[in-house]
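Two complexes follow with chain A in common, the first pairing it with chain B and the second with chain C.
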Partner chain A sequence: MPSYELALVLRQMARPELVSTLKRTAESILDKGGIIRKIENMGQQNLPYKISVHGQVHKVGNMFTIEFDSAPTQIDDLAEEYSRDIDIIRKNIFKVEQPPEIKCTLHEELLPPAYRKEVQEMVRIGQKKQKKKFNYNSGLDYYPFQK
Partner chain B sequence: MSFRIISSLIQKGPIRILARTESTAAITPTIANSAQSDEPIDITNPFEKDRAQCILCRSNITPNYKNVKLLSQFQSPYTGRIYGRHITGLCKAKQEQVEKEIIKAQNCALMPTYHKSVEFLQDPKLFDPERPIRPHKY
Partner chain C sequence: MLRHVVGQSARILDTNLVCASTNLQFVRWRRKPRWLPVAKSKRFLVPERKPQDSDERLELLRLHNNYRTQLRSVTSYLMKEAEVNRKTSTADHLVLTPEQEEAEFQKCVAENEAWNAKIAQEREARLQKEAAEREAYVARKLEEARIKQEEERERIEEIVRLEKERSRSYITKENLDAAIDHALANPVDHNFAIDLQGNIYRGRDAGPSKPGEKSAEQAALTSGS
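Up next, the complex of A and B:
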């Protein structure tokens, strides 16, 4: 089962309601055979932009993240279920992956254009696209009159 | 006139020769030790510059969408647009990661899209948008 991360924005509400909503969202993961690894509370925040959902305009939200493992076939169902929940303003499910090993290529990118690999490739393609020109004083290859 | 010039040459001549013999005497033993003939010596290029690295690679940071304070440093305070690679000075891979994570954060309502969060406006600048590495497109 791959790991996922659910970023939740819940509506502004009283604490007991908030708890029940969070419980509901967590339980729906468990019902679908998932495992919850971590729940993080990022507190109540002013939203950076107003969001209108379920016929209401929200300017404040409670941020949560839930890390869980689940079968990939269940993710769509989960998202659909959360989209129907009135207390959830926004939900995003991201797949958690090991960050790829990156070797810094800045040095190569800062070289003068003629030394950069992508520029060399571009020049090569450009030369390929050029039409063959007939050389008039050469030994034919091939324009024996009538155009 | 011509006689005078010649005499002056003769006067200068021996002094110059003396100077040359002295300098060659000082250098020749070291060269003779390092290489027998006139062949070029095999050494690494002494003028080669150090390998440049971007800020994120240097401190080994992988950007995450929850790290809003870091991500907002790559955002314009005026328009909320993500600065390009010619301004941020990041390598291609890191720039792509940063852009992805910023968009993720914006979708999760953690980051504004049309401006920079007010609490991060005083943050130290990582780069100067007015002095890009390559000229602006506009």
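Up next, the complex of A and C:
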């Protein structure tokens, strides 16, 4: 099962309602055979812009993230279910991927152009593309007769 | 006037470039194109045949007759000679007795068999070498596959082991309420800022820390770099 992260923005509401909404949200994941790893609370924050959903205008939201594992086939159902929940302003499900391993190559990039590997490669390609010149096999580097 | 037979080349002639060409002929129609028919006034004209001089004709006839007679005589002589040569010569076919023929055949057979034996020996050696190479290749590939499979299994087992460790901290239906309460009680803030000295300022509304006071992150960052 791949890992996913659910980013939630819940509407402004009292704590018992908040708890019940979170519980509903989490249970729908568990009911679909998912595993919840972590629930994080980012606190109540002003929204960057007015958001109108389910017939209401929201300016403040509660931010949560739920890290979970689930079958990929269930993700669309979950998203659809959350989009129907009137307590949820915004939701987004991201696939968690391992960050790529990046090696620092600054010392190579700072070398003079002639020593850089990619420049050497470019020179090689350029030489390869050059048209072949006919060789007279006369041992001279010029054409001895009138042209 | 010289003109090329092909129309296109005729145009080239006008630029004096035709000199190298070989396909030339003299053209005598200059006022009338080739495809026009005979003029009406000349349609039924039968050109008068010039009378030949009788003495000259007789002389030519005599010379021709002489020539033909001589040529025929030489030809028949050469043919006769060739026929005699063909009958007497043995250059184009061998004359052998049956014993000689048999001996020749046996010699050929023996030589052929020797060649075959030599080639068979070479082929045997080559096939053996190829089989050995193939065996080594297969063995190497099998070993590589085994190692790869083992590595893959180890990797998977490592994942399973880690996941088993993590499974203790999974949130289930039993501890869901507690997890939600814990999350609501402890809001987190992943925002941070970093300045040119490598100071890390945690939090959404964090300001610069007091001078001389180094955070744990900064110490780690400076020692790492």
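The criterion applied here is as follows: the second predicted complex is superposed on the first by the 102 of 147 C-alpha atoms of A that agree within 3 Å, B and C clash if a C-alpha of one lies under 4 Å from a C-alpha of the other, contacts with A are read in each partner's own complex, and residues count from 1 in each chain.
To be clear about the criterion, a contact is a pair of C-beta atoms (placed from the backbone, for glycine too) under 8 Å apart; a residue touches a chain by one contact, two chains touch by 3 or more.
None of the values given here were measured: they were computed from a predicted structure.
Trainee: With the two complexes superposed on chain A, say which partner A:105 touches: chain B (first), chain C (second), both, or neither.
Mentor: After superposing on A, A:105 lies in contact with chain B but is clear of chain C.
Trainee: Using the superposition on chain A described above, determine whether A:92 touches chain B (first), chain C (second), both, or neither.
Mentor: In the superposed model, A:92 contacts chain B only, not chain C.
Trainee: Given the superposition on chain A, which partner contacts more residues in chain A: chain B or chain C?
Mentor: B
Trainee: Examine A:47 and indicate which partner it touches, taking first as chain B and second as chain C; both and neither are also allowed.
Mentor: first
Trainee: Where does A:14 make contact in the superposed view: on chain B (first), on chain C (second), on both, or on neither?
Mentor: In the superposed model, A:14 contacts neither chain B nor chain C.
Trainee: Identify the partner contact of A:36: answer first if only chain B is touched, second if only chain C is, both if each is, neither if none is.
Mentor: second
Trainee: With the two structures laid over each other on chain A, which partner does A:140 touch: chain B (first), chain C (second), both, or neither?
Mentor: neither
Trainee: What residues on chain A does chain C touch that chain B touches too?
Mentor: Shared contact residues on chain A (touching chain B in one complex, chain C in the other): 42.
Trainee: Along chain C, where are the residues that touch chain A in the complex?
Mentor: Contacts found on chain C: 166, 169-173, 176-177, 179-184, 186-190.
Trainee: Could you pull out which chain A residues touch chain B in their complex?
Mentor: For chain A paired with chain B, touching residues are 7, 9, 42, 47-49, 51, 61, 63, 65, 89-90, 92, 94, 99-100, 102, 104-107, 109-110.
Trainee: Enumerate the contact residues on chain B facing chain A in the complex.
Mentor: On the chain B side, the touching residues are 51-54, 57-58, 62, 65-66, 89-94, 97, 104, 106-114, 117, 133.
Trainee: Could you pull out which chain A residues touch chain C in their complex?
Mentor: Contact set of chain A toward chain C: 15, 18-19, 22-23, 26-27, 30, 35-43, 64.
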